[in-house]
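After this come two complexes, each holding chain A, first together with chain B and then together with chain C.
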Partner chain A sequence: MNSLLRLLFAPGFFASSPVHVALAVGGIAALVSGVVGTFTVLRGQSYSGHALADLSVTGGSASFLASISPLWGFAGTGVIAAGIMEMIGIRRPRGRDLATGIVRGAGLGVAALFLYWDTTSTSTTGATVTILFGSMFTVGSSAIPLVLAFGLPALAIIAILYRPLLLSSVSADVAAARGVRVRLTGLACLVAIALAVSLAAVTVGAILSTALLVGPAAIALRLTSTPGRATVTAAVIAVASTWIGVVLAYDSFTWPPSHDGWPVSFFIVALIFLGFLAAQLTGRVRRVGG
Partner chain B sequence: MQVRRILAAMALTATAGLLATACSANPAGTSSGVIVAVGAENQYANVISQIGGRYVRVTAVESNPNTDPHAFEASPSVASQVAAAQLIVQNGAGYDSYMNKIESASSGSGRKVIVVQQVLGLPGTVPNPHLWYSPGTMPKVAAAIAASLSKLSPAHAAYFRANVATFDTSLQPWLTALAQFRAAYGGTPVAVTEPVGDYLLQAAGADIMTPFGLQADIMNGVDPSPQYVSLQDSLLAQHKVKVLLYNQQVTDTLTASFLALAHHYGIPVVGVYETMPTPGYDYQSWMLAEVSALRKAVASKVSTEKL
Partner chain C sequence: MFAPFMVNAWVTASIVAVIAGVVGFFVVLRGAAFVADAVPQGAFAGAAGASLLGINTLLGLGLFALAGSLGIGWLSRRARRDVATAVILVMMLGLGALFLSFTVEYSSEIFALLFGEVLGVSTTEILPIAILGAVCVLVVLLLFRPLLMTSLAPESSAAAGISNGRMELVFLVIVALATSLTLPVVGALLIFSLMIGPPAAARSLTARPLAAVGLSVVLAVLTVWVAIAASFETNWPVGFFVGVGGAVCYAAGRLLAWLRTSRS
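After this line comes the complex of A and B, so read on.
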């Protein structure tokens, strides 16, 4: 039993304070991403989530210049971008993808400038890797209150607007007829997505944050039949893949080639992808069998 | 009428352009006997000017103490500096590989390029590229500079040779300080954030407790493994080290957390640099100041976070 534990968890895992912080911050971010992600997928807003992730790169790289926590930058630009996207989306549904694409490109262009300044004028060498791929083991316990402060409002939005969100994702007209303020609901949902993406960006990086947002939700919606169950399942899958990813990253310390560990974001995203493949395959088998 | 005037203007501009190119193609210094030289990092530029004296005009590519040289990207103005240079000294070992690109883009005839890593006979893959912190480095570089300058300006060879002798002598206070530290505090355990000062610490006989993997991760700007972070935290929190050497030019949230830990547990901090801090220092006085700061930290627990 003891040797099995030692095989699963490399020495020092439970005593390591970077691991404790990673489990806490990563767990909260995964929980929020799983819950918000379910509604992102149900409402067909995966593309918006992806665009918000790209734009949060801009804010993250700006926050390094201002020497504040990247979470402020990720969330700040995410929420502003959510407002702009909702405006564009309501007025011109057809132009939405184009407009979003152009704003995304412009945002990433500004991010390139900020990242250049980060590395050349403020001597934050690791800024690029931290923003794009995350640095979960270097977050520091001081980030936990901030992560909660951004995560709880996102969960609150989903809890309060649970029914209106579901209704308006089925049919905006029916929802409006039942007295749902469709536009405000949509904006609130985008803000929740922006907050979830910014939390995921802290753990797995801005580029990979959509994987944590839509991946577990996509798996959960394949495995379950009601939105409530899907939400819970997605949260469980997201937290599980994040925590298993942390364990694997810790264990990978002794792996080749360099013997100093593989990046944790790789493990998390790989686990989610494997889960998605498995869910697709079992879905197919079930359909063939039935 | 209008067309003719425009054509005339165009011809004038073209001629002016040609003249300008012709002028800049001719290296500025040759006629006046002054050799134009470039040091990729300002510590090498400083040594060039000490050897070349009044017969060289030196510029440094990197001298901004807020910049991480590992992440430096050359601008067009650097390219024109390099194109005009007759002598270039660069570090090598992948530290300033942008110099190779600029040099191959402007193949100057008769330009002399001194690559310090090659002068020392080291492979390009040497793990710690901060060669100038090693006491053995600059005497060899100074000799190589004098040899190249003498080829460019044979009339002043004796002058350059004399300057090398002066330079080697002027390193003595630093070497003495290193020897004294080694004698008094050899084996002192130290923590570092980055390998920048490692050659100096080794020469001073200090025991670097931070694993090189962590130092390399911070130098290369990648996420370090949690094992390394825990280990470094414990070095500071359990007073297993007497001093933390903090690279002021390669910082991130992780190095800041080590700095905060050192402050919290009363571990003295010594700031180290990738390029020579300016103004007020030459290469020798910079190196001496680092050893003095190290000694002050170990002997009387006094931090010198910035030189």
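After this line comes the complex of A and C, so read on.
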């Protein structure tokens, strides 16, 4: 039993403080992403989520320039971009995708400029890679309160707007007839997505935060059909894959080729991807059988 | 600005803009923004993998772009399309992160792949880009009618004997090809601005398909030229100007269309 434990958790895992921080920050981020992600997938806003994730690169690179915590930059641009998308957003999904894409493109252009300044004016050469792909083991324990401060509002938005969000996801017309302010609800949802994505950006990096947002929710919605149960399932899957990812990344410090550790984000994304494939395939078998 | 070492940049960027303008028209028409966004980003992982193995970057890009496109096509038959796209995209990006952690690549090269580098194109690289680009544009023009029909009226095109599924597959392969050609120049994160800004503007200016394609090509080429010139003058990354240029095209198109409808 002991040797099995040692095989799973490389020596020093439970004593290492970067690991504690990674587990805490990653856990919170994954929980928020799973919950918010369920609504992202239900409302067909995966693309908005992805665009907000990309846009947080802009904020991340700006905060490197200003040398403040990247989380401020991630969340700040995310919320602003959510507002712009909602403002120029068109009702038809096709137009919405276009508007989303345009905002994303412009934002990334600005990000290119900021990152260029980051690498030329300051000497933070690793800024590009850190912002884009994250580095969970370098997050300081001082980040935990900040992570909570951004995560709780996102969860609060979903909790308060649970019914109107669900209703307007199913049918905007019915929701409007029942007195739901559809646009305001939509904006609040986008803000929640932006917050969730910026938390995930700290954990797995800006361009991979879509994985935590969409993946677990898509798996959960495949496994159960009621929204409430799906939300809980998604949160559990997100947290589980993040924690297993951290364990594997810690173990991988002894793996080839570089003995330098494989990236945490790779493990998390790979676990989610395999989960998604498994859910798709079993779902199909069940449908054929029933 | 027109020094000999800049000639390659101008030529390549113009080729790239023509491809993006033509292919982008169908991206906008089919509402495939997310796919056109995901394939280049995913293909970036292929470039990282290729540099890890020391093989031609274009090959790595092409393989990953194709695998990504086909993966999206395959999965979206089973799951919702946006979800399928997102999942495939993040898996490829995850692989990219893994490859990057293995290489000791300079971060400036990663930056170039993500945000574009026009000046790095050598004369021997232009020929394959030109040939593959011509193939790409030719395929789109040959299949113009069926692509148009399946984009606008899937039901009636099925009745006319055109397979929607097959056309979707062809379209995805074209996007993959266009992606791998344009990525090294404009960068993985910003190709999409070029593929969507000019065509969207063209679409809001004219309703005739062929005129829209032509206009979209013109706008794309103009955007790229302005971007290179501005990048040369300021020394800022090309990607910045392409990204902002795409958005300006779109905004101008929307504004003109709005002016026209409000006047009549």
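Quick note on the criterion: the second predicted complex is superposed on the first by the 284 of 290 C-alpha atoms of A that agree within 3 Å, B and C clash if a C-alpha of one lies under 4 Å from a C-alpha of the other, contacts with A are read in each partner's own complex, and residues count from 1 in each chain.
Assume contacts are C-beta pairs under 8 Å (C-beta built on N, C-alpha and C of every residue); 3 or more make two chains touch, one makes a residue touch a chain.
Values in this document were obtained by computation on a predicted structure and should not be read as measured data.
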item	value
Chain C versus chain B, contacts on chain A by residue	C
First (chain B), second (chain C), both or neither touched by A:263	both
Partner chain(s) touched by A:43 [first = chain B, second = chain C, both, neither]	neither
Touching partner for A:140 - first (chain B), second (chain C), both, neither	first
Touching partner for A:116 - first (chain B), second (chain C), both, neither	both
Contacts of A:253 with chain B and chain C, given as first, second, both or neither	first
Contacts of A:18 with chain B and chain C, given as first, second, both or neither	first
Contact residues common to both interfaces of chain A (with chain B and with chain C)	116, 119, 125-126, 128-129, 133, 258, 260-261, 263
Chain B partner contacts - residues on chain A that touch it in the complex	10, 12, 15-19, 22, 116, 119-130, 133-140, 249-250, 252-253, 258-261, 263-264
List of chain B residues in touch with chain A within their complex	64, 66-68, 70-73, 213-214, 216-230, 233, 248-254, 257
Residues on chain A engaged by chain C in the complex (per definition of touch)	41, 44, 46-47, 49-51, 54, 57, 93-94, 97-98, 100-113, 115-116, 119, 125-126, 128-129, 132-133, 205, 207-208, 210-211, 214-215, 218, 222, 257-258, 260-263, 265-266, 268-270, 272-273, 276, 280, 283-284
Contact set on chain C toward chain A in their complex	28, 31, 33-34, 37-38, 41, 75, 78-80, 82-83, 85-87, 89-91, 93-95, 97-98, 100-102, 107-108, 110-111, 114-116, 187, 189-190, 192-193, 196-197, 200, 236-237, 239-244, 246-247, 250
